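Two complexes come next, and they have one chain in common, subunit A, joined by subunit B in the first and subunit C in the second.
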Partner chain A sequence: MPGPSTGPSGPSTGPLREVAIVAFGQSDHVRSSAETSEVEMLMPVLHDVVSRTGLKAGDIDFTCSGSSDYLAGRAFSFTMALDGVGAWPPISESHVEMDGAWALYEAWVKLLTGEAETALVYAYGKSSPGDLREVLTRQLDPYYLAPLWPDSVALAALQAQALIDAGLTDQGALAGIAARSRTAAEANPHAQLRGAVPAGDPVVAPLRTGDCPPIGDGAAAVVLAAGDTARRLCDRPAWIRGLDHRIEAHALGVRDLTDSPSTRLAAERAGYFARPVDTAELHAPFTSQEVVLRRALALDGPDGAGVRINPSGGALAANPVMAAGLIRLGEAAARIQRGESDRALAHATSGPCLQQNLVAVLEGETR
Partner chain B sequence: MSKEPVAVTGIGQTHHVAARRDVSIAGLVREAAGRALEDAQLTWADIDAVVIGKAPDFFEGVMMPELYLADALGAVGKPMLRVHTAGSVGGSTALVAANLVAARVHRTVLTLAFEKQSESNAMWGLSLPIPFQQPLLAGAGGFFAPHIRAYMRRTGAPDTIGSLVAYKDRRNALKNPYAHLHETGLTLEKVQASPMLWDPVRYSETCPSSDGACAMILTDRTGAARAPHPPAWVHGGAMRSEPTLFAGKDFVSPQAGKDCAADVYRQAGITDPRREIDAVEMYVPFSWYEPMWLENLGFAEEGEGWKLTESGVTELDGDLPVNPSGGVLSTNPIGASGMLRFAEAALQVRGRAGEHQVDGARRALGHAYGGGSQFFSMWLVGAEPPAV
Partner chain C sequence: MPEILTAPLVVEFPFTRSLGPVQSAFLTGLRERTVLGVTASDGRVVVPPAEYDPVTAEEIRELVEVGTAGTVTTWAWNPAPRRGQPLDTPFAWVLVRLDGADTALLHALDAPGPDAVRTGMRVRIRWAAERTGAITDIACFEPDESTGDDGRTREPVAHDGQFPDLLTGITAPARLDYTYSPGAAQSRYIQALADRRTLGERCPACRKVYVPPRGACPTCGVATSTQVEVGPRGTVTTFCIVNIKARNLDIDVPYVYAHIALDGADLALHARIGGIPYDQVRMGLRVEPVWADGAFPHSPEDMGAAPIPDHYRPTGEPDADYDSYKELI
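Let's turn to the complex of A and B:
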């Protein structure tokens, strides 16, 4: 099995444990869930995903979640969400203030140590109570950037314009990505936007309404299990063959926005380039960001021809902030479990203009 | 196969103060990280990954500040994880970092926790607005004072116990150059005469609000063999959580704390913590939490913790020194406070705690808690490598 981090700075010895995603569940993603609390949104998803494995909540060895206080508008918002888990008797539990994909990473490491056989990972985000574009400006450099309040769409538009200026895409190609994604989402009952939507007016040029993700609320959860436990809990586990994440500089001025070296490096470390995948779930909230990711992952080359990109519809069909990355891993795993994929890439991103990226390579056992 | 043993080879912290107006957030964290690298005699290039923790983002008004801190912490091109488990976060962050080494995903990891509380007002940041909570509480003290009163009623502990803890910790802090509060003229009488904030917690029995950061270098056996100074070895580490509120919850001695300690002792082969552990750095934001945690962590029978405090057992030269660094009562950059406990435990077994060194400390416990006495993280470190 290719390790997640071999090479000069890699581990000294030892095969890593086999760990798989054995179940995935998500809420319906909606523009506003004002009628339900985070706990109410989360609980059905948690019950669903745990029951798929036949486990009971108390059987889970480790729990890890991802969420953001800034979306909830209160400090320690994740402490209430814990009520959705039912942490009694007390549980071994942790939380990252990141997309749930990184919570999955923490749980994966926990399973690799051998301290746990199973893990529950969940993430949730309600964007509806606030103005998401304004909220996301608060994650920028507080001294030099945040005082200018550049919003997430404006920054993505800079990236899109850089791609167009470099001759790497055009508005027609971007509209094609939007149409493909939302057409694919017709088969996804949880998606917020299904079926073709008009390209619409420019939001921030060159990005039009159709190039932007819907703003919405949602939750997702997966169950991880190690080795034979995974085989027992699931007919066809989605084995995590490699998992790595990398971050880039924060200041946009020092980055080449048309490229994603952190995605490429994470993919290398995850063993992605060793042989082709058949599916790629990319966390690209804006159409232009899919162009950047395809370049970094060589999906436009000969190996990319047979790759199904975002069969779920991707973040352009549903983008619950803090959960959308975890959903990419869950969707890829679900396809493997259904026998629709044998080797899939799943990607998650965080920060402005794809600053931080995570790549997982998932495989089903040969049938 | 078994886990890779994890060693602490570098520890760094800032000189904690009420307001570091001379540095940015990036400057603050870089100061602690630089000192940890210097202690381990490593450079930024030797670090494989960065694991950072802090308490609520509202304390500085920056959402997910690790994104902006990637450059300052040399993380560009590397993995960077951000942990947030409320007040226990400093400890949890160290444990997440330790697992990266234990699982052999990385060899050398920088872990860091910080809070720059002068950027906002932590007390009101902790007072949740309507509709999340009834507007009855003013800060964490308002939340914890009733549980302290429950402890006093249950155990019949004399009213003066809290002041003994505060007086001890503030005197220990005089020996720690990094501590925030250096109250040279403090007397027990002054502690007992200080203003009442949340009955029975007086002003001098309350943690300060600090700006500060703490960093550690965690590495594998190969890294430890190259370290210039003796490492601390991780013998056990665990986290436990329980809900904030539920019928039957014991706020005085939460089950999650007992379970977490039991897990750590099991991993470390500790059967009699009172005898086998030489020093304890526990999270005591309000003085009375020392006797409460002494019981919760198994150092005293239920109802007996205050007797250890009263008889001087927890003094720096006592039989079981608690918070030789001066503890949270002397230094409290909230997000970093848990990691400071973990780091001070490691300093003790490395024999590098300076004037507040506990003679002959071979095994030390670092403890942190957060939320409504519901999140716990602990590690036990030793001067010798763990048996593999």
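Let's turn to the complex of A and C:
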């Protein structure tokens, strides 16, 4: 079996071991979940996703989660969340202070090494206790950016204006992305915003309320399994054919904000460009960011014509921070499991203006 | 479903951060109304300057002085300024490529309205009256209507990065405000405390009773749904002697902090032991709570008056047998 490419570019020659997403679950995403603690919000999702596989919690070889204590202002909230897993006798466990999509990456690597057959990956975010726009300023360069408190909408708006100036989009096109996303979300019972919403007033112009994601709380989880274990646990596993993540410079002023070379490179490394997909779950919290991603992934070209973009509604319908990227992988996998997709791209992002991007290519076996 | 409890929570840090040589020169330069950039490996002049090349990650140290006027490369109109932002009246966020620089710097532009802002417009720095060596030494940018070519054609000029009293670090205060809510299980627990009752929760699988409850059994990973009143008396399972006075805590040292297994609980909670000399506290000591008077705290300052046990004191009963609490240590 060929090993993975070690070069800096070019598609990977394929993983050493077949690994698939075999189950996906998520909470309803709501503006405020003050009636539950993090673990109380997360636990039903964990029980749901594990029970879908027929496994018991103790059968899982590896557990990995993604969350950020800054969101709710609770130190070590991820250790409290672990109460919902059942961590005794001691389990093999890890955590990333990132979106759960990066926790999934770590779990995928763990399975590739052969050290685990199954993994539980979960993520949660409670944005309601804090002021999310302010909280996210704390991830910025503490010397040149954070002292100015530039909020997340402001930074996305700078990117949107750059796209408009470059003639790559306009406010009408952005409103179209918002409408398509939230109309699609009518079929998603977990979404926070369903159905058309008005374009609204400028939040930070050119972005209007309709261009921005809802702020809310939610959780998600997936189960990964390798090879025949995956086939045993799931009728149609969503095989991870490629998975890669890339990061760009932190300083916005050194980047071309109208493009996403990190997404393009991650997609190339994940084997995305080898043949067309039928579904793309893009993690674009702001309408303008979908424009950037579509460019990077050539979704506006002839190959993009047959691609269903964000049938779940995407982050514009529900954006629980730290979980929204993992949900993109979960939604794409669920679509494959339901037989609605044969080859799907799933994307997750982190940082301001699409600074860091993860791309997965998922496939179902021929029926 | 209990009433949802909430309380304000402020998280505040005065981060003290050291500066690398490039950041030090740049921020000290701002104090002196001088803007420095750094030449990257590909020859681009990066402003604000980085310690390492944004593309190759090579160490870059070649400083240059650039202009204090420049060109807007993109902008966004902020109709509702937020706490901590450079201006408290509506303004434009801008990325500005200063004359002589090849990259752009993020800041605020003071303009009367969005109609007065466009990409490509000329702007210049408005310096803060008091400058300390921080990005906020640039108060903001303002439109630059000067028509002369002073600065506009400016070439970067080599600079040695030397100033009197070079900064070596900055203090970056950060404050975030939250509304804390403890969730269902802990709300039940806190509400019972108001009646001077201690309410644990039982795991339906392993039958253990957790105090304080967090809503889930960490062993079994299932919800603890049954409430069980425990205590009020309990047994010291283990303890330590505190010799360092905590800030803002009006308790004389040394004192004893102990793990206490309340009668009926399967997990020890921790509390201070009083009413007995510190050197006479022992494992197995039987204790009971001494309640503080008070109401639910509505701010961190009120916490001392919360309706919780202020401390535990000896009951006078004989010590508990080791075997009765050894599983709870």
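The working rule: the second predicted complex is superposed on the first by the 352 of 367 C-alpha atoms of A that agree within 3 Å, B and C clash if a C-alpha of one lies under 4 Å from a C-alpha of the other, contacts with A are read in each partner's own complex, and residues count from 1 in each chain.
Criterion: a residue touches a chain if its C-beta (ideal position, glycine included) is under 8 Å from a C-beta of that chain, and two chains touch if they have at least 3 such contacts.
What you see is a predicted model; the values in this text were computed from it and never measured.
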{"item": "Which superposed partner A:A119 touches (first subunit B, second subunit C, both, neither)", "value": "neither"}
{"item": "Partner chain in contact with A:A205 - subunit B first, subunit C second, else both or neither", "value": "second"}
{"item": "Touched partner set for A:V49, first subunit B, second subunit C, both or neither", "value": "neither"}
{"item": "Contacts of A:M80 with subunit B and subunit C, given as first, second, both or neither", "value": "both"}
{"item": "First (subunit B), second (subunit C), both or neither touched by A:A146", "value": "both"}
{"item": "Contacts of A:A34 with subunit B and subunit C, given as first, second, both or neither", "value": "second"}
{"item": "Contacts of A:D165 with subunit B and subunit C, given as first, second, both or neither", "value": "second"}
{"item": "Contacts of A:A251 with subunit B and subunit C, given as first, second, both or neither", "value": "both"}
{"item": "First (subunit B), second (subunit C), both or neither touched by A:V135", "value": "both"}
{"item": "Touching both subunit B and subunit C, residues of subunit A", "value": "70, 74, 80, 82-83, 87-88, 135, 138, 142-143, 146, 249, 251"}
{"item": "Subunit A to subunit C touching residues, read off their complex", "value": "34-40, 43, 46-47, 57, 70, 72-74, 80, 82-88, 128-131, 133-135, 137-138, 142-151, 154-155, 157-162, 165, 202, 204-207, 249, 251-254, 257"}
{"item": "Residues of subunit B that touch subunit A when the two form their complex", "value": "1-4, 24-25, 48, 55-65, 67-71, 75-86, 92, 96, 99-100, 102-108, 125-126, 128-129, 132, 220-222, 238-244, 246, 254-256, 259-260, 263, 371-372, 374-375"}
{"item": "Sites on subunit A touched by subunit B in the complex", "value": "4-5, 9-16, 63, 68-70, 74-76, 78-80, 82-83, 87-98, 102, 105-106, 109-110, 112-115, 135-136, 138-143, 146, 244-251, 261-262, 265, 350-352, 355-356"}
{"item": "Subunit C - residues contacting subunit A, complex", "value": "1, 4, 6, 9, 11, 15, 17, 19, 23, 27, 46-48, 50, 54-55, 73-79, 82-86, 93, 95, 97, 103-108, 114, 119, 134-136, 170, 172, 174, 176-186, 214-223"}
